[in-house]
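Structures are listed in the sections that come next.
Common to both upcoming complexes is chain A, partnered first by chain B, then by chain C.
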Partner chain A sequence: MNIQAGFKPTAAEAALVEAYDKQLGDLPGDGATLAARDALLSDLKTAGLPTRRIEAWHYTDLKSLLRAVPAYRDEMTASRVDPIVPGSTVLSVTNGKANLRSLQDGISVRSYADALLDGSAAERLSERDRDDAIGQINGSFVRDGLSIEFADGLEVETPIEIQSVQNCGQVSTRFPVRFGAGAKATVIERHLAVGDEAALVTSVSDVRLDDGAEITWIIFQSQGEADTHLAQFKASLGANANLRLYVINGGGKLVRQEIHVAVAGEGSNLTLRGINLLGGESHTDVTFTVGHNVPHTTSSEVIRNVVFDRAKGVFQGQIRVAPDAQKTDAKMSCNTLLLSDDADFSAKPELEIFADDVQCGHGATVIDINHTQLFYLMARGIPENKARAMLVNAFVAEIVEELEDEALVESLEGVITDWLDRHA
Partner chain B sequence: MLEIKNLHARIAEDGTEIIRGLNLTVRDGEVAAIMGPNGSGKSTLSYILAGREDYEVTEGDILYNGESILELDPSERAAKGIFLAFQYPIEIPGVATMQFLKVAMNEQRKARGEDELTTPDFMRRVKEAAAELQISPEMLRRPLNVGFSGGEKKRSEILQMALLEPRLCVLDETDSGLDIDALKIVADGVNALRSPDRSVVVITHYQRLLDYIVPDTVHVLYKGQIIKSGDKTLAHDLEANGYADIIEAAA
Partner chain C sequence: MPAVQETIDQVRQIDVDQYKYGFETTVEMEKAPKGLSEDIIRFISAKKNEPDWMLEWRLGAYRRWLTLEEPAWARVNYPKIDFNDLYYYAAPKNQSGPMSIDDVDPEIIKTYEKLGIPLREQEILAGVQKSKVAVDAVFDSVSVVTTFKEELKKAGVIFMSISEAIREHPDLVKKYLGTVVPTTDNFYATLNSAVFTDGSFVFVPKGVRCPMELSTYFRINERDTGQFERTLIIAEEGAYVSYLEGCTAPQRDENQLHAAVVELVALDDAEIKYSTVQNWYPGDKDGKGGIYNFVTKRGDCRGKNSKISWTQVETGSAITWKYPSCILRGDNSRGEFYSIAVSNGHQQVDSGTKMIHLGKNTSSRIISKGIAAGVSQNTYRGQVSTHRKAENARNFTQCDSLLIGDRCGAHTVPYIEAKNSTSHFEHEATTSKISEDQLFYCLQRGIPEEAAIALIVNGFVKEVIQELPMEFAVEAQKLISISLEGSVG
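The block that comes next holds the complex of A and B.
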């Protein structure tokens, strides 16, 4: 396969094409799957990786930022770790391969590789649009993942942790998850690296909430300092469905986490809370779109960023309100605490409103440590460095506390404190 | 305990001089009241004692147990036993009250070379002190000062003071915004802490608080200087006649 004449691929682009040719023989899938993969790779080859000239990638020029692609390796050795919330049910994917286990009645778990093999995955192995580089790369290379279905009315108390862990190489996974009508559950989607060798990880979660489902979904990413993590979370919400989505980034060298939610049923609600803990020389991009497609839907988004060292962060958030989506209520805010002179954060909130009876708002702030609060803590005998750390922690803990579930709050505050202890 | 000598201080940002040659001595065990009209420099004095960076000392010195504290940052001063009860306690969302109390107590202990408190010991101390001040466990579960009423904030300040066991307590307008019941609770809390080796500086605009926390000495602050000192009867004179006579006499 050749890149178009006159088009000079970057090292990473060439490596992706070469990797596809090499792996094609053992990528799982029937004819329909293969056709879908070929179509995605062909689009990627035609346009190349996106540059800053593509609006959706303006702050993350993937063509120049993705310098190299580590080779796929079959002999990876990572194994699962303890879940974030003690006592969770763990569904692990180690080095890109799902370890199946059966769960309680009402939850069906299948290997995504099976869906690739029998062709049932092919239809959704698609791209969102021609600029969907994550959909293209993931769809071309995906080998496994988990297809999970929650029965109608099922209420699951114990959190379920989908844990994808690897130590190097290439990992592409997919997680189609359907929550039946009225289902209630907490899912933790966790991506992490063990070891220091570079990895390229891509992941797509394709989630559907049927009418009245109430779901808490937490994405926690703690890849290694050399890793590239390209992920997408897509969800569609039925009538009166409620999705509480937390996205926590605390790792990786080059990270793009996309979130695309269709608030598609009347009375449905999305609550998005994002925490970006950025340090070192990393580049982390959270790109979010929400479509309010019908009347009487709500969404609220709060993103909190803590940026140390020479790290760079991006938040692009777009609220779209369709012409007949009256009574939409959508609010988005993005607050950043810059903790070094070289730290950098770009925020681009966007409203696209085609209905006239709506309440929509957005705001973005960049702040420093509050000196009055710092003085208050120090006046109680807390040394400056410790007082600063408490205030940084408080800045993000405030939104974790909204979760109210004590075990969940404590566990997430734990991972945040650990991260801050390593970086402050 | 405290000796302020010819203190001059200004706002760091714009250079406005607020304290202009202030002299004050507070002995061990003494309760000294500092009264003065608005704008006389009362709150500024409290902030300077606590070490707030927004103010710059340009002349003079502050001796605490014979040592200058001007070079110490607020946390070092606190660890040495200086406590400021804020006129407007600061809300800190995301910092749990209990966690804050524990960190503050243990950091001060560490700075003094003492062992950290065990959790049961810490809990016991907080429970006892909170009960005295009628502070509910529910209040202690909230983030620091967040959603506290004016009275709750002031009681929370006195709780911190009781737990941190300072040597020098500076109360900045602790009576402002308190109704009479809350004022009594706060005053009882302060009186319970009176001891021969602990001194208290009560900064207030009104004499009312001094009916409950009876001072040994009263000092009138005006335009950044102490213009008159006396015993508790001075506070009553001020209440009856206002500041005008004293200001005129000093002019």
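The block that comes next holds the complex of A and C.
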């Protein structure tokens, strides 16, 4: 398998191709799966990684930003940590290997490696969107993950934490999750690193909400300072389904978190809340698309970004209303606190509307801390750094408080305060 | 709003799918052979009696153009343009440049009269219009006449066609031409640099407030031609000028290309106000014909405290690809962009602005109102960016879209790029249809539906209309209601 003539791969592109050739022998999968993997990788060989000329990657030129690809290291180990919300049921994936355990009746958990081996994953693996570099890399290299199914009508009180712990090297995981009709649950998808050396993590969550399901899904990413994290969350919503999605980024060196939601059933609703805590020399890109494909659906998105140091943040959000998707109500806002002169934030909130009887809007702001508020606190004897920390905290915590579950709110606020204490 | 009643009358009078300025003028034309080559560029340059440096400049641009690819990122679809199947030069016979009004072909004068643009100064003074407006009339590839030149000259203002300026004021042209939109800028601007045929040149010297409104009226008349005009406006320290641009074309089944470049330069404390009412032929109700309008407009606030303001009313053209921008280089400079883009039938509009904040304490304001009807697609695409050193940059952006009918599309694509902590950006956008409550309120009071829509739309765009000079505001209001003709029901 040679790289095509005329195309000069970067070091990272060459390393990815080489890694594939090296791992090919022990990547799980039947014939169909392997064929799908080959097809995905051959695209990478011909086109390379996306550059800023590709509109979907306008602010994240992966070709130049991805400098190196750490080698796959089978010998490394990692062990699970305590869940964010005490008492959660933990399903852990350590260094890319799923640790299976059986849960209560009505929840079936399988290893994704099995689906690769029996070929049932192949079809979904080869389905990919335009400019889908993450799907492409993940699909080529994915070894394991969890396939989870929630039975119709099942209501789960305790949060379930899918915990992916990584210790250096390379890992690609997938999480196909189906919530049956009317199911209710809270899932925390958590990515963290324990090693000091760089890791390349790719992860795809492929979620389906059947009619009337009511789900809270929280993604919390706290990779190491040298890590690359390329993740995708895809969801499709059935009629009257309600997805509350929280995405919190607080780590990594190069992060791209894509969120693609198809609001495909009448009466369904998406609530997206994002918190990006950015510091150091990191580059974090949250790219979101929501497709309102049928009439009478709603969505609301609020993204709050806090940017310190020399960090660079990106938010691309697109609300798409299909022809005939009348009575859509969609609102998106993206607010950024830029706290350093070397920090950088770019936003591209898009509306793409093909139906007339809709209410759609977006707002975006980029500002510094409000000086009147700062003055107010300082006038009451609070030192400046503390006052600033309070205001920053209030700016993001506001969003977390929308979750009514007290244990959840408390745990997430703890995580945010921890991060701010370390950076502010 | 006195114009409202007028708007309603206008709506009643005119049938669906009628473009008022679609007539053709029969006048003997002289054309360059079809196609584009270095020879054609030499031909154009020779026709215009240009100095050698200008020819070299054009040829440099042409060679660069050959290496460029047509941009494909805009949300517009059209069949591939064969750039070798166009006439790049077409001028009325015996008219290779502006001349005295008595020598101009009466047919052409009649054409402008029909368009409501009086070219005879005495007629203008006869009292039809309240305020004086100097006009540069461009007919296909040449400027046919420029009015009030003498009076402007007394004030020190130079207002003439760019071809004349290249001959008469080569130093000024050389100093500023291509400094805002370089010949390497983009596909269409580079093409324009190679083949531009005419346009206006305005120079307002230090401390002068231009005594009247200046305007250019562009008319495409000939078949199979492309119009490539180039406008250069310079306001020296403390100068002020308000400039208006209007455009129309005959109604034809074929598509015609219009690729213009406009460059504005504002030095310390200068202000330029540039207003456009763009009403090129939009094509018929089935999307046949119409002008492809691919325009690069950019203003450079080069000096401290300078200000550039763009106001545009876009109702015509089959395809609009246009982003009037401001480079806010001088400290405390200000950029403004007010836009109304109306699309109906099969029109496609991809328009917006760029505000590039480079200097300290720079501010910008963007108000964009898009109205989509029929099966048209209307996109706002804009960029606001700050440089790391542009302390205290401020931007406010508001883009609202109104949808009339369920087969059209309205899109908003803003790019917001902040690179320092003192910049302060606010952006908001909304998309909705005409509120049923408002419509019901009007209908209940006996206002027919179409008139009610015109009334509501006029209210929607009022913020922008207010920015237009008086003479234009009335015309623009009429235009908007005409463009929306037939969009009800």
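Basically, the second predicted complex is superposed on the first by the 422 of 424 C-alpha atoms of A that agree within 3 Å, B and C clash if a C-alpha of one lies under 4 Å from a C-alpha of the other, contacts with A are read in each partner's own complex, and residues count from 1 in each chain.
As a working rule, a residue touches a chain if its C-beta (ideal position, glycine included) is under 8 Å from a C-beta of that chain, and two chains touch if they have at least 3 such contacts.
What you see is a predicted model; the values in this text were computed from it and never measured.
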Q. Sharing chain A, do chain B and chain C clash or fit in the superposition?
A. fit
Q: Go through the superposed model and pick first if A:396 touches only chain B, second if only chain C, both, or neither.
A: first
Q.
With both complexes superposed on chain A, which partner does A:362 reach: first (chain B), second (chain C), both or neither?
A. second
Q) So, does A:341 touch the first partner chain B, the second partner chain C, both, or neither? A) second
Q) First (chain B), second (chain C), both or neither: which does A:82 touch? A) neither
Q: Mind working out whether A:380 is in touch with chain B, chain C, both or neither, as first, second, both or neither?
A: first
Q. With the C-alpha centre of chain A at the apex, what angle separates the C-alpha centres of chain B and chain C, reported to the nearest 10°?
A. 80
Q: Give me, in Å and rounded to a whole number, the least C-alpha distance separating chain B from chain C in the superposition.
A: 14
Q. Okay, in this complex, where on chain C does chain A touch?
A. 73, 388, 401, 403-433
Q.
Help me check something: in the complex, which residues belonging to chain B touch chain A?
A. 50-53, 73-75, 77-79, 83-84, 86, 89-90, 92-95, 100, 103-104, 107-108, 111, 143, 160, 164
Q.
List the residues on chain A that touch chain C in their complex, please.
A. 55, 58, 323-324, 326, 336, 338-368
Q. Which residues of chain A touch chain B in their complex?
A. 371-373, 375-384, 386-387, 390-391, 393-398, 401
